[in-house]
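I'd like to ask you about the structure that follows.
Chain naming follows the written order as A, B, C and D, and within any one chain the residues start at number 1.
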Amino acid sequence: MDKRVGFIGLGTMGMPMARNLIKAGFSVTAYNRTSAKAARLAEEGAVKAASPADVAAVNPIIITIVSDTPDVESVVLGRGGVVEGIKPDSVVVDMSTISPEATRNIARLLGERQCHMLDAPVSGGEQGAIDGTLSIMVGGDEAILERCRPALQALGKSIVHVGTSGMGQTVKLMNQILVAGNLNAVVEALMFGKKQGVDLERAIDAVKGGAAGSWQLANLAPRILKRDFRPGFKVGLMQKDLNLIMEAAGSTRLPLPATALVQQMFRSLKAESGDEGTQALVKSLERLSGVEIAS
Amino acid sequence: MDKRVGFIGLGTMGMPMARNLIKAGFSVTAYNRTSAKAARLAEEGAVKAASPADVAAVNPIIITIVSDTPDVESVVLGRGGVVEGIKPDSVVVDMSTISPEATRNIARLLGERQCHMLDAPVSGGEQGAIDGTLSIMVGGDEAILERCRPALQALGKSIVHVGTSGMGQTVKLMNQILVAGNLNAVVEALMFGKKQGVDLERAIDAVKGGAAGSWQLANLAPRILKRDFRPGFKVGLMQKDLNLIMEAAGSTRLPLPATALVQQMFRSLKAESGDEGTQALVKSLERLSGVEIAS
Amino acid sequence: MDKRVGFIGLGTMGMPMARNLIKAGFSVTAYNRTSAKAARLAEEGAVKAASPADVAAVNPIIITIVSDTPDVESVVLGRGGVVEGIKPDSVVVDMSTISPEATRNIARLLGERQCHMLDAPVSGGEQGAIDGTLSIMVGGDEAILERCRPALQALGKSIVHVGTSGMGQTVKLMNQILVAGNLNAVVEALMFGKKQGVDLERAIDAVKGGAAGSWQLANLAPRILKRDFRPGFKVGLMQKDLNLIMEAAGSTRLPLPATALVQQMFRSLKAESGDEGTQALVKSLERLSGVEIAS
Amino acid sequence: MDKRVGFIGLGTMGMPMARNLIKAGFSVTAYNRTSAKAARLAEEGAVKAASPADVAAVNPIIITIVSDTPDVESVVLGRGGVVEGIKPDSVVVDMSTISPEATRNIARLLGERQCHMLDAPVSGGEQGAIDGTLSIMVGGDEAILERCRPALQALGKSIVHVGTSGMGQTVKLMNQILVAGNLNAVVEALMFGKKQGVDLERAIDAVKGGAAGSWQLANLAPRILKRDFRPGFKVGLMQKDLNLIMEAAGSTRLPLPATALVQQMFRSLKAESGDEGTQALVKSLERLSGVEIAS
């Protein structure tokens, strides 16, 4: 088996993912815009490349995980980008969360160069990236996925093929509709209880095992009560994902009234909340209602 | 231990709950507005009473589980009601979902007669009532709860004391904010995927184990795909509960923007959906978007 | 022409209305819960009555204008109420804003006593009441309206028969949907301009004469810029009216998503805003966005 | 006075505007993507140009009025665009409705060529364009506006300078927040009345002169009752403008909950409504509620 993998983007998610590939015996060539991070990874066994094109030139599989649609377009299609180095029949596996439509466009352009693309966004946050337990939703050709599966197995515990190119991104956006909606329900329920004078810890215990239960309730409600706003998943990223959702929904003329409202609540968070965890959403309703939840 | 329990209200929930008390060795006196149901339970070992007052006259614990606030007020305070028969130091355990404020008022009136009240609404639906696995959220005096705990243990697997009188109802309403909000997020996520052409079954599988996971997703999304609208929990009851939530929120001047919106979506369901399960909420967004989800 | 009119309710609206009747030559018998106000009106030519029943006993037309549904029910149907004194063929003209359904119920009960009822709520605020330029929306029998028209002409400039009993109230609630929706649009537009750095006074001038124009924009936007929150129409009354609207909509299973949202924004106003003018709604969006509009 | 004006974009709005310039004695050079329209205008006295660059080469003032941001960027900055022909100290007056931020960017690029830009979007619809009674909101240098005022006076009756570059567009977006919000309130009010059985024509008459009054109510409510969906202003353009609003609001982190909701309601309109008038918004609420308004 060819154990060479290129890796572009060593951020909060990318760095631990690249480390997991190294641990699993893959030979990793890495590029990062801020080169200090690539240098650090080189000390742990990776080869540092000078550009995405250089990464692509020597690897049959190139993983990208950067911030947003323009970043993927830049590292793949831009000057010094993947397309300038990629060999025919290679695969770009984009694990960023970006626009499904932009994904299909990049896949088409790679196809014109006899290359392949999978969109393989993840959920599970920084902890899942560190633990190698991410959920990976894959769009693109299923045979190509099989070729990449060994590498992906070093990164996640659930790898589900969900459809053609762009569908991985679409399912990730479905995931985010659920995450944002469930979290907002947690915030409204807690604030309701607070105003009525309920012991919120007991209330969470009483309801979390039943029909009201969710990952967001079990994991984030206790943090909200402690005002622990350290990030699992950052507000700024959720704001970006909500923009992607509403843009994609708009292009198909689909109204999503509650998601649109939750997007507005996220917009009301101040700039300084951008690096806090999504549970900081509670601050919006606190502001609107003039009441603060405290444990 | 005194094994006598009075039981008022033999509906979808009440009938299997009363049966579980009988199975657990309790001596049950039952009353139901439609007396045929009480007669049926009498064949299974209960004693049929002619009025709530008659139930109250011979039992230290009287459980009520009826439809709405006025129904509880009627069976407890009305003509032939519990108050006309109840003995001092007896306990009314109201397991209906009603207004917290009305609950406190009834508790006060019972207190003036040297009697006690617990509000003990449940979640878990008809299946939980049959299986004796309900979650029970209890408001009122903790010592009084201990007196009633053996009977409640025949009905539910989780019995949590959440505060003073009315707080059980408040926590139940928190539960319903979460249920309705999570369900609405499921509906928006599925419709988003549908419009984008996703294989919805695979999408649900890909996301349900992670941060997007919820009871509503795991249990109701598959039914939505099959257009199986048989009730676990009925639309009509959820509409009633949303009214209770918004009324209670209004009395404390608390804005709940998303819950208010979900209430409007539930309002758009036609009268004939009142007896369907809450997953019929999908019909509202189908109507608004002009697209139908089908498996 | 019989110039006798009974008048019940001498609040912000009722007092100047009763004065206008006196000025127009009507013989007014007045009752108010706080009797000092009735005493004051007596100095201006009215006769002070000890109860609504006493008002009703001597007048063929009895006008009521009190706060809310229970107040109308109390002065008409309660102990010492209108029904205890009213003569057959007399007319109760209720000019309060209350529930259409409650209105129809009161009309029915009066009908059983061979009496009539018009619902005749008003718009135009305190200034309109003082100037006698109110808009009056009348529900009930048209012939009965003709009998009362001379008195109503002393109070308003526009008297429109809009349908059967309750329809006056329904049209008033339509009026309030428009008022609240238009005002909320003003608030969002101003805040949008503020955040973008627009000169708001010029912006209002540039748009108010065209398709964006409304009474709310022309009259309340300038006050918002000056932070002049003195009431034309009070927040507390609008909150009551929004409750009536959503309750009536609910009873017909009608979703009103935007009105529901505006109701939540009004709910976020603090208790101390209850006596401010509705333009204080801007404070909700200021709170949510963390930005204050100032001239 | 130099009476030469270049005109780019002869659509529903542009064609009658260019005619008004000709009627007012201006010497018009015109370009349109579909050249048949420019040919038609040539028969009425204009000179037909082969490209935006050709228009720009011979005119000190160049008016553009095209569909959306990319169209303005294309005719001004693209191949054969205005910048390829424009002479120093000339003025581009963009009367399209586009992004304020994109406007500032184009203005900056024109400034680098020693040229000027005004953003001068309009309200008043096709009828206003024909009658020369548009409202024009102008951003940019005030002295430059004075230079262009004679031409603008042939097009509109109200010409208001509202601030620096981009501010004309911002005020136009404020205008659209008001238009959309007021229209949505009309739709909800009418549907409320319909469900309650009100005579809607009388209801409109009763409320339109007071605090509930708006241009949208006076002009579009009667059309809604007649199901006359011919455009004044088209749904498709409003959808575009709502996108611009929410994008601009997002870039300043401003929540606009009601406008976001109205945007979703507009999204629920089917593709075939794109060329109908905005009053077709009623179809969304009809769909959601399952009830149709008919006169």
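In this text, a residue touches a chain if its C-beta (ideal position, glycine included) is under 8 Å from a C-beta of that chain, and two chains touch if they have at least 3 such contacts.
Just so you know, these numbers come straight off a predicted model, no measurement behind them.
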Distance-maximising chain from chain C - centres being C-alpha averages: A
Intercentroid distance (Cα basis), chain B paired with chain A, Å: 38
Intercentroid distance (Cα basis), chain D paired with chain B, Å: 53
Rounded Å distance between chain B and chain C, as computed from the means of their C-alpha atoms: 39
Chain D, residues touching no fewer than two other chains: 249, 253-257, 261, 265, 268, 270, 284, 288-289
Graph class of chain-chain contacts, one of line, ring, star, complete, other: complete
Of chain B, residues touching chain D in the complex: 257, 261, 268, 270, 284, 287-290
Chain B to chain A touching residues, read off their complex: 100, 123-125, 128, 135, 137, 158, 160-163, 166-167, 170-171, 173-182, 184-186, 188-193, 195-199, 202-203, 205-207, 209-217, 219, 233, 245, 248-249, 252-259, 261-262, 265, 285, 288-289, 291
In the complex with chain A, residue positions of chain D that touch it: 243, 246, 249-250, 253-257, 260-261, 263-265, 267-271, 284
